[in-house]
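All chains are identified by letter, namely A, B, C, D, E and F, in their written order; residue positions are counted from 1 within each chain.
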Amino acid sequence: MDLLSFYNNSGLAHLEWINLIMIAVGVIFIYLAVTKDYEPLLLVPIGFGVIVGNIPPIEGMPLSVYAEGSVFSYIYLGVMKGIYPPLIFLGIGAMTDFSTMLSNPKLILLGAAAQVGVFLTFIGSLFLGFTPQQAGAIGIIGGADGPTAIFLSSMLAPELLGPIAIAAYSYMALVPVIQPPIMYLFTTKKERCIHMAPPRQVSKKEKIIFPIVAFLICALIAPGSMTLLGMLFFGNLLKESMVTERLANTARNSLIDIVTILLGFSVGASTQAQTFLTGQSILIFVLGAASFVVATTGGILFAKLMNLFLKEKINPLLGAAGVSAVPDSARVVHMIGLKEDPSNFLLMHAMAPNVAGVIGSAIAAGVLWSALGTF
Amino acid sequence: MDLLSFYNNSGLAHLEWINLIMIAVGVIFIYLAVTKDYEPLLLVPIGFGVIVGNIPPIEGMPLSVYAEGSVFSYIYLGVMKGIYPPLIFLGIGAMTDFSTMLSNPKLILLGAAAQVGVFLTFIGSLFLGFTPQQAGAIGIIGGADGPTAIFLSSMLAPELLGPIAIAAYSYMALVPVIQPPIMYLFTTKKERCIHMAPPRQVSKKEKIIFPIVAFLICALIAPGSMTLLGMLFFGNLLKESMVTERLANTARNSLIDIVTILLGFSVGASTQAQTFLTGQSILIFVLGAASFVVATTGGILFAKLMNLFLKEKINPLLGAAGVSAVPDSARVVHMIGLKEDPSNFLLMHAMAPNVAGVIGSAIAAGVLWSALGTF
Amino acid sequence: MDLLSFYNNSGLAHLEWINLIMIAVGVIFIYLAVTKDYEPLLLVPIGFGVIVGNIPPIEGMPLSVYAEGSVFSYIYLGVMKGIYPPLIFLGIGAMTDFSTMLSNPKLILLGAAAQVGVFLTFIGSLFLGFTPQQAGAIGIIGGADGPTAIFLSSMLAPELLGPIAIAAYSYMALVPVIQPPIMYLFTTKKERCIHMAPPRQVSKKEKIIFPIVAFLICALIAPGSMTLLGMLFFGNLLKESMVTERLANTARNSLIDIVTILLGFSVGASTQAQTFLTGQSILIFVLGAASFVVATTGGILFAKLMNLFLKEKINPLLGAAGVSAVPDSARVVHMIGLKEDPSNFLLMHAMAPNVAGVIGSAIAAGVLWSALGTF
Amino acid sequence: MSFTQMGLQNLNQPGFDAVQFSLMGMGLVFGGLLIIALYITLLPKLLRLTSPKPVSTKAVTPQNSDQEVEILLAIATALHMHNNFPDGDERITWKSHGDMDSPWLVSGRMNGLNSRKLANSWSR
Amino acid sequence: MSFTQMGLQNLNQPGFDAVQFSLMGMGLVFGGLLIIALYITLLPKLLRLTSPKPVSTKAVTPQNSDQEVEILLAIATALHMHNNFPDGDERITWKSHGDMDSPWLVSGRMNGLNSRKLANSWSR
Amino acid sequence: MSFTQMGLQNLNQPGFDAVQFSLMGMGLVFGGLLIIALYITLLPKLLRLTSPKPVSTKAVTPQNSDQEVEILLAIATALHMHNNFPDGDERITWKSHGDMDSPWLVSGRMNGLNSRKLANSWSR
């Protein structure tokens, strides 16, 4: 119990330079959130979590998310058991308005096309030597949907949950950086200037029936998507039924906020440098970036393909919104359209492939899970 | 991994017609909630839960509420362990105003009389061959209080929790259909027109002291009611103490909403047709209906009995509000009174037997639990 | 199943006079909260919990917080596992403004000085024959911070959690009674009249960087404080970053309210007279009182010591706010200053040592935990 | 995972052809969303079929007069409560969010209550 | 459960007479609510006994003047803060719901603080 | 614990000197808060060094005109939506608390969106 033992018990004694790197990463996350407004609701909790997770814990004390009986490990349980993502989907459902999608169903297919990123990355990961389960979990990064990625990783490859979650959220935050060059590369100025007709008005009845029928379709095709999509459409029904407004309100405010805080923080805190900074993690980040690029390209090219057959042309920028990353990729589409032609308002139209992309990713996750989880 | 195995993994391959029946039931629940406004806060979550619970899960995958390790099973834990009902009672306590009851204590006895439904159904269930534990859980349906019914079932007869919960909530929703004919049958037009004197004003002090003393009385008589009534009166104290307004506010908003969402959804999702659609379940529904009828009748007749001795007559319609089903049965009483005589306002008076009925059911549940739980 | 067995199953049959004493204590807590406004957010839940916890439970039934499988035991888990205190710190962080502290860093040292109460009580408890772990947990009562006391007790001496928690919260509530005489004893009228210069304005940047750097400093020095301070500073970052306002809002409203309700109630309900009313508990209360007195004195005297070296004198009353007990001890300082000189506004200045005291107690808890937890 | 295992052979393991699986997976995603798109396209037409137009215009007048009566009843209730329950803060439902409790709010609820049509027939 | 077991014999199992039990249970429910009803009837009378009326009228004037002083102090504090803490958003308590932070809110709290009577006597 | 064990010997158990430990503990508490105090004292000076003043005045004008353009764009978007999306309640983000959805709110968000500067360079 002398000065030396105090020092040995302190964090300073065990701090390695790789921890410092991770702490710097956490600070950068927070910096990007604060100054660039990149997905702050995710980057701030994750960033601070990364800082906390890289303070060297004292041996034998329940401090880190991996230490049995620690408070952080109880919070992390919701990540490991896959409980947080469906609750976040409940809240997202309670705040999502599917009207634009309902008024222009063609745009849904763009949300399907962007999922090509998922399966190409799956194949790429297999090629690089990951197990099929790991490859599936890595592929879903291309779904551009944090909760879906966390959910599938926790089921298929919990050992990769940290890097996959961080990669998914990082790229979602970087959507305004990643997508524009691809969008300029694959579209002509004339295409970017295509205006979309204002959508028709959607009736109350359609909105109420939609979540029920859409759930039945998705769940019967891919029961593995039942957990995520069940909650998403349940939340949406709470919103659209009009008679459960107070439940929808709580789901999209307190409930999703509480879960977001706990999920972001504990995912961040799971990135201890000693286990996180590996060649595998770097590979996952590379694959994730590729996945985003492929997904964006897939969406855009599919829009151009559809235009070959359609009389009323689709602005191919909308294809980029098919990757999910709600609502950031829709915003990026809107801004690019606006810069090209200040009277071209794409935001609402982009929301259709955007939410369709969420559904598409969840179906893809369900397919991967049911095929690989029972392998 | 060919098309056939994909099909075999899909929900379509395993969907049976009894699942379709249950899905139709879920849709009807939602339809009644949306178009008739019958208890929408319960019927919408339960209805959507029923739909989700009847998608055939993939063998070996943690999907349903009964599959170990599934997200839905974690949500369902709060039902199985009896945790949600007391939390709902906390919120109800924080939104209940006991003033009318405090200003007219005679009406409390109507809330006691209606509990005769509980015990008669208990005897009926025993007669039909249910075990004493099962009979107790079925009897409490007559308490017309969803959380109480779920709580007692989870403690005494978890194997019947699904049908008991659905029966309790269904009949609570159908109170505006079930009660009026009975009310017309057992009352004369003259009785229905009896006006009640406006109640005296209740002092702040009485309101603060009430939850403490009422809890002590109930818990010392029937300690088994401690869990539910402890929370109910705790919530009420948070409300009435005036110094914990923010806690009361959270208890009756975010907290009760979150628990209502999770409870309703997971109770619904526990009704897989394969285990739910049995002769037992149908019997439970029949017994539950009988229980509601007996309880309503008991309340009304007891009011008429009291009138034999009272100078200031009670409107016997108020007896029907003694079954609980807060606040719907009080509303029904009010509407019947109003139709008979447009100047007869019974709503506030009906709240007294209504909340007394909640306390009465909880005491009954405590008595049944302590006698049968340690049998 | 006759009348006698009913009576034997009732609470009346098993009620002892020591239960009645505890029930009276619970009523007094509520009375103090309602009439004197002493920490009502804590005393009302704890008080009602004490009443509930002293209803004699039925043998063999899962009713009390100590009975396996009871609802109250599940709620109490958050106390036993130390989960609630960090969540409360998250909310406190999201509502604390560190500006005054940032604008007058000298005052931070007062928050350190008051922690002398912690270590003196630790030595006193050891002297009286408590084990080192128990002594550490008792000492932290002097930190005047309920969540910190509960957290450390749950880690070091769960067997004393009840009395320590009750002592900590009681004395926090009694701060307006305990502190003034000490403040008058150790200060002259002239000292009490010292005015403080208005603090400089703190920039947004400083406020955002502060929680990150302060966390790193504290956690590297005493990793044992990582759990509590990680959450405190995380909450503060959510507040100050400006881009996560909705998360901060939920953390400081619904989330902290829900946890406060559950923590207060279940801590109260853990005080069954049969195990609570012991000589040990009384000793803990005496030590706790001493600890508060020492801490207050320590803060005041250290302020006077600093004044020997400072040109711009500190009002030594501010030292009393160093004990934490946020924000009550700051309020007491303000009121004493105001009574002495109606133009002397100390409230904002007192918030600096007040929040520094919270950080100081958490560091002290971390030091005690890491030294004694791995003993 | 190790890089020594890198290679095309990973894509075709015994009993698992990754490329074929991916094509099928992609197909399912497309299929699911396509069916949803078709359903969305058809629904409005279906809804138009099931709800014949004339009904809505016919229903307007009686409902209106019905509503008027109910509004009058609701106002009466509200005034009654305002006069006889000076406390004014009885909660009779937990449907509203927030904590406003005025007689007028109660009136709103009464109205909603009436519109339930009160179990169809006994009431007259 | 099976229907072969249906019958009156179920109501009287060894050591458990269902009818007697039900009567007792019903009695307990009635008993509990009856005691509550009696207590409610008696409480107002009890409260009237313990708090003699004259006190309340007597207490009005001093409390009022007390309150006046406190309101003045609170306003003074509020103004002081408004002038010297341009940030204006210091939170000094967590009692309020919602996120309004104006000097006037602080003033309200100060007022509440004073009304705690500040530990009875030292402060005179 | 029992009182028979009371005594000074408890303070100096083998391998654990309570007084020395307490002094060190107290030192750590002081040390930690002292470092924080020092850091707080130094930070403003550091911040002043890293952000040279002239920049801020220079930056004002372009940003303003930038902002004007963005506000105009935002208003245009808002009007567009108001005219073409009669539903008016599309949610395009979940950043706001509360449930107000007017075209003007959307306009506010558009504005915020523009201020992200949209990935630096492709956009011109």
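Convention: a residue touches a chain if its C-beta (ideal position, glycine included) is under 8 Å from a C-beta of that chain, and two chains touch if they have at least 3 such contacts.
Model, not experiment: these values are computed from the prediction.
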{"item": "Chain D reached from chain C - shortest hop count over touching chains", "value": "2"}
{"item": "Per Cα centroids, the chain farthest from chain E", "value": "A"}
{"item": "Furthest chain, CA centroid comparison against chain F", "value": "B"}
{"item": "Chain centre separation in whole Å, for chain F relative to chain D (CA means)", "value": "38"}
{"item": "Where chain A and chain E are represented by their mean Cα positions, the distance between them in whole Å", "value": "46"}
{"item": "Between chain B and chain C, centroid-to-centroid distance (C-alpha), Å", "value": "39"}
{"item": "Computed distance of Cα centres, chain F from chain A, in Å", "value": "23"}
{"item": "Residues of chain F touching at least two other chains", "value": "16, 21, 28, 95, 97"}
{"item": "Multi-partner residues of chain A (each touching 2 or more other chains)", "value": "1, 6, 37, 41, 221-222, 246, 249, 253-254, 371"}
{"item": "Complex interface listing, chain C residues touching chain A", "value": "81-83, 86, 90, 155, 208, 212, 215-216, 219-224, 226-227, 230, 233-234, 237-238, 241-244, 246-247, 249-251, 253-255, 369-371, 373-374"}
{"item": "Of chain C, residues touching chain B in the complex", "value": "1, 6, 9-12, 15, 23, 27, 30, 33-34, 37, 40-41, 44-45, 48-49, 51-52, 55-63, 69-72, 74-75, 253-254, 257-258, 260-261, 265"}
{"item": "Contacting residues of chain A [partner chain D, same complex]", "value": "101-102, 105-106, 108-109, 111-113, 115-116, 118-120, 122-123, 126-132, 134, 203, 205-206, 209-210, 213-214, 217-218, 221-222, 245-246, 249, 280, 356, 359-360, 363-364, 367-368, 371, 375"}
{"item": "Of all residues in chain F, those that touch chain C in their complex", "value": "1-8, 10-11, 13, 16, 18-19, 21-23, 25-26, 28-41, 43-44, 47, 95-97"}
